[in-house]
Structure formats: structure tokens, C-alpha cells
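Below you'll find the structures, each written out as C-alpha cells.
Presented sequentially are two complexes of chain A, the first with chain B as partner and the second with chain C.
Right, the complex of A and B next:
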């Protein structure tokens, strides 16, 4: 098991290098000059050239990329052009906000998603089933920015009950969590439903009933334990992608998290910062997959990693 | 009074094509301590009958008639009363022991579950009972097996665990639905021996559902031969095997390979011509008639009654009507009358 985990962790290194190269060279192809954007208001050609030299931006791309890789090997993600601070520090400041949002959204989506999925699967075809699945499908299908705008309009503008932007109190969390949680819970609900329906058709459910167990126990102790295996995988991947920042939600609600950093870095052609956020996200997604893998092995006794 | 008495049981399924009659008025009895076989091809209604005794038929099934267990009509029980009956008075084991055990729960958890969750016995006492039960079904190293998962056990061992699980609350009746079909031949024999031994020791009656005549001959006291939802012949195991009277029953006997007979390799095994009729379009009259070499015009018109041949031996065939006394004639005639009118 430990060997397996170590192997997985080492195998992330080439992925991280590949992703960084992709981002680096793509950003070089994209038109736009970080220095020009920085100095938008007073364009003095001499000053621009001086700054460019100071930041080593006049070196060829390959040289700059190798320099970046060297830094990364030492855990140094570079220096943000725009913020004039180390990238790792910028990410460390923004991450708690994203963490708060992602954790709340994930918890909401798991609780609602699993509850809705179970309620649907217990009485398939019922009114409740159709209503819940309609709600889930709506959540999955609605574009995030649109759902955010609609909720902002209803709860912020019409009802005046909740703030539409900012990140100062728990009230500011409600709408963004609702937007993210709705879509994510839809995925969890639909997967839970189909997986549980499949489990309920299995022979061991008939056995559990033949033992005289209450239907509630048949579902919770026998069917659900099997049905949640694929759901757990999705949940681990969900949380890792939520943690790497929700660009749209954070932008619409003005939350200073990783997602907003990334979009800001693109606008400003702030290469080091963009690299940092993308690599951070890549790392989280890989870690999420690894955790899903390990959870699966723990929950399903049939799957055990080969020992050495 | 018999332990189990099924009277005029009819089971129909609501399907998209209409009502499907799976079982059309059967009578089956089992005494305490008796092993009763129900034999027939797939689709003859034997498993459906077993599930109806357990109260585990799907919602779209409609049942009528009576299933008396110690005099109580199971069909008249509420779902909650039926749930309390399962596991305590009747238990069931199934065809695929591997699939019938929950893959993510340990053997111990599955064995002790009814004791802990339903009877409220303490965890450690339940574990002791589970160990004793596993020893009863001859599982070696019983205590260590409790922490095993089903995929770590062989098929035969899984079936032993299933049997232990079914008998842990000492039911009066055990329904075994093809308990050996998925197992190797040598393991089959061991499981059959175990079932017989448990019957001898506990006096639990066994209703054995199978298509395998060898299993019936090995284990059963009495046999019901079913075809397309009807009992075609019933009797004790000697009457059925030595003197099968219904053309379907002796067709079955002839299609059985005999271990003792010298096989020259040239002799082809007998098979009954034709196939089981579509239950949605049952022929009027005897359902076996289209495949029967001895059928006459009467067979196509009217389903015969069960005719009593000798004590305990009865057959549903026109060949014997008039030559033998009709079994339970009144009730059967009443039913035939209704069928003709319909």
C-alpha cells in the first residue's frame, strides 16, 4: 500500500512538468505584454525596457522556462509580476477563502446529493423521485454564472436578504455555496440513485430480506454500502476540483480565492502567478484521485493493492 | 396437520403484455422433518412458488389461494408480520451462494446480524452462536472465518455460510432454491449430505426446488413434478422414480444420464421434443399436450384432474382418468369448471 502511494506520488512529477510546459509556452504564444499591461497609464519606452531587463523577460522563452523549472525544484514558484510578492505567498493568502467555499459546497452537495439519491431510489418512478431528479438535472445543466446571477437577483436584489458579493461573513457564503452545491449535488444524487437501484436488484438484497431484516436496514446496511463505492470516487474528485478554485463562482461573487487569482493572472499576463495556480490545481486533482483510489481500496474488500 | 400446506396457489404477474400466469392452482404439502422436492424445467413456476412462501415476490405479482404454515395463512399476514416470520419460522437459501452474500460485509457480520439487529442479542453472545452454527455446518476454523469476506471463500464454503445463516434462528422450514446448481459435483454431494444431516438433527423440513433429478433422488422423501404452473405428478421418491406415470415425468426420467449404464458413446441421450409453452399463450387443456406423444383430442380441450394412483401417488393425465379415482375431485372439478367458463 505504501509502495503504491509512493509510486503514485512520484508519477505526478512528469505530469506537473508537462502541465507547466503547456501553460508556459501557451502564454508565450498569447498576444499581450505583461510589462505594457502593468504600465498602462504612463508608457515610457525606456522605462518599459528597463523593467523588462530587470525581470529577465528579454531572455528567450526556453531559458526562462528552464529557470522556472529550476526554481520549482527548490519549491520556489517565482515572483508575481503584478503583486510584487512571491507566488507561493499569494496562493497561501487566497487558499483559505477557496478552502472555506469548497468545503461548505462539498458538504452541502454530498449531504443533499446522497439523501436525494436514496430517497429517489427507494421509490423509483414516484412523484418525489421525479421531482428530485428534475431538481438535480436543473442543477447540473444550468451554467454556473447564470445560476449565480439569478440567485443574486432573487435573494440580493428582490428580497435583500443576502449580500451579492464579498467575503466578510457567513452570509456571504450562502449564495456561492448554493450555486456550487446545487450543481455538484445533482451529480451526486443521480449517481447515488442509479448505483443504489442497481444494488437493490442484487441477490444479497434478497438474502437480507429473507433474513427478516427491516427494509430500512436492508437499504442502509446492505445496499447503500455497496452503492456508495462509485459515489465516493466522484466525491473525492469533486472536492479536489473545488479546492483548486472555482473561477466563475469566485469571479461573480467577488471572492478572493484561487480561481480569482487565476483569472486575474491571465488578464495581467502574470506568468508566474498563473503557473502557480495551475500547478496547484493540477496537484490537487492528482491528490484527489489518489485519495479516491485509496478510499476505494478501503471500502471495497475485494480490491486490495498487490503487496510488493 | 402438515407443517406447510399450499392450497390452490395461483400467482400471476402484471406485465406489459398482460397478465402472466406463473402458477395456476397448485397444492403442495410438507410435514415436519420431511424433505420435499419440487422439480421441473425453468419457467415452470417452482422458484416463484418458493418466493411466494417467503413473501418475497415483486410488487407486480398477484397471489391467491392459501399458504398455511402451522395453520397460519401466510398470504393473509401484513408485510410486517411476514417480515417477522422470515428467518424465524421459514428461511431460504439460494442458487448462487457467492452472489447471495453481501460482498462488503464480513461473514461474521452477516451471520450475527439477525441476532443482534432483530433479536437484540449482545455482540459477543451472537458471535459465540455464529461460531457454533458454523461448526454445525462443518466449517473448519469457524472463529477465523468470521472476519473473512465472501470473496475469500469458495462457493461450497459460501453455501455452508448461507445454510448457517438460514438456520441460525432455528426455522421450522428451510426453502432451498437450487442450492447445489452453481457448485462442483463433489461439493454438491457434500452440501446435500449436510442438508440431510441437519434435517435429521433438527427436524427442519426442507422444500427443495431443483431441476436436477439426481439431487431429488439423492435427498427427497416426496416429489412434486411441475410443468407450466401445474403439478403434473406427485408421490414419494420411489413412486416417482420407479413408476413415473405422467408422460412428462417419464420423459424426464428417460432424459437423465445414468452413471451405472455402460456408455458406448453411440447412444444418444433422450430429450423431450418441443419446448415449454409460452405462459402468455397457454394452450387450453393440458399444457404438456403439444409435446406429448400420447395426447388425444380430450387433452387439447380440458385440463385433467389429479388422479390418485395409490397412497400418496397422484397424476394429472387423461390416461388414468376413469381407471383410477380422482384425487380431491370436488375441488379440482370446481376449478376446471371455472376455467372452461372463462
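Right, the complex of A and C next:
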């Protein structure tokens, strides 16, 4: 198992390097000197020259990339042009908000998604199945921003029951979590359903039924245990789509998280900040994949041996 | 999955599956109606999607303007109809490009193996590591927001997952006896890949395409909504909704209506996609 874990960790190194290279060169081929952006505030040419030297903007891109990699290894992601603070600090302030939003949305999506998927799979083709799958498909098919606007309109404007922007109390969490959780629960529900239906066709289920076990036990103890394996992998993919979804959700609800940081960085052409948020988000996804891989290997030993 | 070189059987599978699948037929109908509306937009609505009419700004839905007007007095129904062109195009064109690039990379990678495979798959893994919206945003930052650039960004984001799937398919296909046979009589690699491997990847490619199209429509809407896709005054559904956000209290129809159409379009494609998947890939369909 330890060998498997180490192997997995080592296999992410080329990806980390590739990701950082792609982001760095993507950001650094942008025409337009960051100094020009700062010029609006800095007037003194000497100060500009000093900043240019401090940021090593005159070095060739390759030299700057290596320096950037070295910094990154020490957790230094550069300096935000706009906020005049280290990028890592800005991200550290914003991340807890995104984490709170994403964690709640993920929990909601697992509870609703697995429950709906199981209820659907128990009686395929029934009214309940169709209704739940319709609900799930709608969740997957609706644009996040639209769901956000509709909920804001209903609960904020018409009913006046919940705040539509900000991030001060639990009340502020309800609508964004509902928006993000609905879409995610659709994915989980559909996967749980098809995976459980697949498991129900297996021989060991026929054996369990033949033994005279109650249907409830057959489903919960025999089928679901195996059916949830693929659902575990979805959790890793979820980090990626939760981050993507939270960009829109945060910007509609005015939540000061990673997503809004990225959008703000784009509008202010704050390259180091955008670079930092994109890298940070991608590292989270890579870490998530790693954890899912290990979880999968732990839950299903067959995978571990095959890959060894 | 149909393991045959006869591509016609794919269409036969599809037709048969559609005949028995009401949802898939409904999806096809939705998409067909939208496509017709997009093509014949000037015949459907008398208004110009770009012409301002400040006297009628933010007018509520009425007989004259069934969906109301936007904050600049443009007829919202007209802008939605013209917007269908953008949504369908952005759903289909970059999705096709991503499929083609992904198929080529996947087949080459799987067929040749070795160092070529290592390098190509490493690049694919790098692309796959990004949350898709973040990578698209980073690309749009470099290229600046416009529809064409959005085509490029979405194509760059999408090819990798297709390449991964096609590669693993190729790995098993190249061990098949007919490929061995072709190789032993000296058929060139290019011909083997085109004539023997690619046709067997088509069903999977179609399934992946039907998954990608609705995803891209949503991505376009989201990126345009964030100001990083289509630019004003393009009647993109996402862009119309952005403005609607500002007028949510006074003129909610501006923000709500385009979203309903995105939802309907994406649902239509998803219904179709589920049908296609059941028809071509019984393993995946529940």
C-alpha cells in the first residue's frame, strides 16, 4: 500500500511542473507591461524602475520561470499588483470562504444525490424514479448563474426571506449552497442510480435474495456497498466542478472567495493574482485526484494490485 | 458497443433506439426547433437584435414584445432567437474540434505507444488537472474576450478527456486480429489507424460529443456572464443575463428569460445524449 501511495505521489510531479509551466507562459505572453497598469497610481519614474528591477521583468522568460518555480516551492506565489500584498496571503484570506461554500454544497449533493439515486434505482421506471431523475437532469442542465438569479429573485425580492449578497451569517450560505448543491446532486444521483442498477444485476444479489434476505438488507448491505465505489471517484471530479461552479456562484452572490478573486484579477489585469488562483485551484484538483485514487485503492484492493 | 467496420449499423442502432425512446425524441425535437429558429431568425421576428429604442427600455412583456425589452429597449424575444445561433454554434463547433483533436491524439498515442504516448498523455493530464472554467478563464485572459477566442479556449480545454478515452480504446483495438492481419500484409500505419481503428472509435466519439455539447453551451453562458466570452452588443444568452443581474429588481425578465432558454436547450441535448448513449453504449446506460 505504501508503495502504491508513493508511486501515486511521484506520478503527480510531472503534472505539477506541466501545470505551472502552462500557467506561467500563458500569463507571460500577454502583451502589456504590468508596470503600465501600475502607472495609473505610480507616477514617479524612479519608483517604476525600482519595481521593474524588483520584479525582474527584464529577465528572459525562462529565467523568470525558474525563479517562479523556486518561489512556488517555498509557497511564494508572487505579489498582487492591485492589492499590493503577497498573492499567497490574499488566497489564504479568500480560501476559507470558498471552502465553506464548497464543503456545504458537496455535503448537500452527497446526501440528496445518494438518497435520490437509491430511491430511483429501487423502482426503475416508476413515477418517483422519473420525478427524481427529472429533478437531477434539470440540476445538471441549468446554468449556475441563472439558478442563482432565480433564487435571488424568489427569496430575496419576492419573499424577502434571505439575503441575496454578502457572506456574514449562515443565512448568506443558504442560496449559494442550494445553487451549487443542486447541480452537483444531479451528477451524484444519476451515477448512484446507474451504478446501483448495475450492481443489482449481479450474481451475488441473486444469491442474497435466494438466501431469503429482506430486500432492504440486500440493497443496503450488498448492492449499495459495491455500487458506491464509482461514486467515490466522482468526489475527486467534484472538486474540479465545485471550483468551476463557485466562480460563478461567488460572483453572483458577492462571496469573497477564490472564484471572485480570479474574476477580479482578470478585470484588473492583475497577472500574479490570477496566476496564483489558477495554480492554487489546479493543485487542489490534483490533490483531490490523489486522495480519490488512494481511497479507491483502499476500498477496492483489486485496483491496487493491478496497478502495482 | 458495435464492434464492426460497417458504420451504417451505428445509424441503424440510433434510429432503432430513438423509435423506442420518448425522451430522446423529445430532445431531438427541442434541438431541431431551436436550430430552425436560429437559421430562420430574420423570418421569425420583425425586430433588429441590435437596434436601440430607449423610449421602450426595460418594458414588461406585452403583445408587441412577448418577452419584454432589455435595458436599451431592444426586443428580448428577438435577441433570444438570434442568441440561439451563438449558443448552438458554440456548443457544436468547439465540441467537434475538441473531438477531432482528441481522436487524433488518442489514436496516435495508443497506436505508437512509447515516448510519443508518454509525452502526449502527459500533456493531456496537465490539461485535465485544471478546473475547466479556470483554464478557460486563463486562456481568455491571454487572448481577450471574444467569441472566436472562446471557440479556441473551449477547444483547448476539451480535447484531453477525449484523447484519454480514445487512447485506451486504441490500446485494445490494436491487439485485435484484423489489425494484426493488416499489419502482417504490410498495410501502412496511417491506413490502419484510419480504416481499422478510427471507425471502431466512432460510437464512443459520438457519445462523448453528446456529453460535450450541453457542457459547452453552459460554459459559453457562464463565461459570457462573467464578461470573459462574447462581448456586447452580441446577443449571447449569457451576456443578456449579465445585464439582467443589474435589473433583477426592476425588470426581472431580462435576467430570467435567457436562462430558461439555456435550460431548455441543454435539457434537449441531454435527452438526446442519454438516448444516444443507451443506443451505442449499453454498458454505460443504466
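The rule is short, and it goes like this: the second predicted complex is superposed on the first by the 259 of 308 C-alpha atoms of A that agree within 3 Å, B and C clash if a C-alpha of one lies under 4 Å from a C-alpha of the other, contacts with A are read in each partner's own complex, and residues count from 1 in each chain.
Keep in mind that, in the parts below, a residue touches a chain if its C-beta (ideal position, glycine included) is under 8 Å from a C-beta of that chain, and two chains touch if they have at least 3 such contacts.
If you're wondering where the values come from, they're calculated on a predicted model, not measured in any experiment.
In the superposition on chain A, A:207 makes contact with chain B only, not with chain C. Of the two partner chains, chain B is the only one that A:300 touches; chain C does not reach it.
With both structures placed on the common chain, the touch criterion links A:23 to chain C but leaves chain B unconnected.
In the superposition on chain A, A:287 makes contact with neither chain B nor chain C.
Applying the stated contact rule after C-alpha superposition, one finds that A:237 touches neither chain B nor chain C.
Of the two partner chains placed around the shared chain by superposition, chain B is the only one that A:226 touches, whereas chain C remains out of contact. In the superposition on chain A, A:198 makes contact with chain C only, while chain B stays out of contact range.
More residues of chain A are in touch with C than with the other of chain B and chain C. With the contact threshold set out at the top, not one residue of chain A is in contact with chain B in one structure and with chain C in the other. The residues of chain C lying in touch with chain A in their complex are 122-123, 125-127, 129-135, 137-142, 214, 218, 221-222, 225-228, 238, 241, 244-245, 248-249, 252, 255-256, 258-260, 262-263, 266-267, 270-271, 284-286. Contact residues of chain B toward chain A in the complex are 54, 56, 83-88, 91-92, 94, 96, 99-105, 113-114, 117-118, 149, 151, 162, 165-166. Those residues of chain A whose C-beta lies close enough to touch chain B in the complex are 202-204, 206-214, 217, 221-222, 225-226, 229, 299-302. Within the complex, the chain A residues that touch chain C are 14-15, 18-19, 22-23, 26-27, 29-30, 121, 124, 137-138, 140-147, 149-150, 152-153, 157, 193-194, 197-198, 239-241, 243-245, 247-248, 251-252, 262-263, 266-267, 269, 274, 277-278, 281-282, 285-286, 289.
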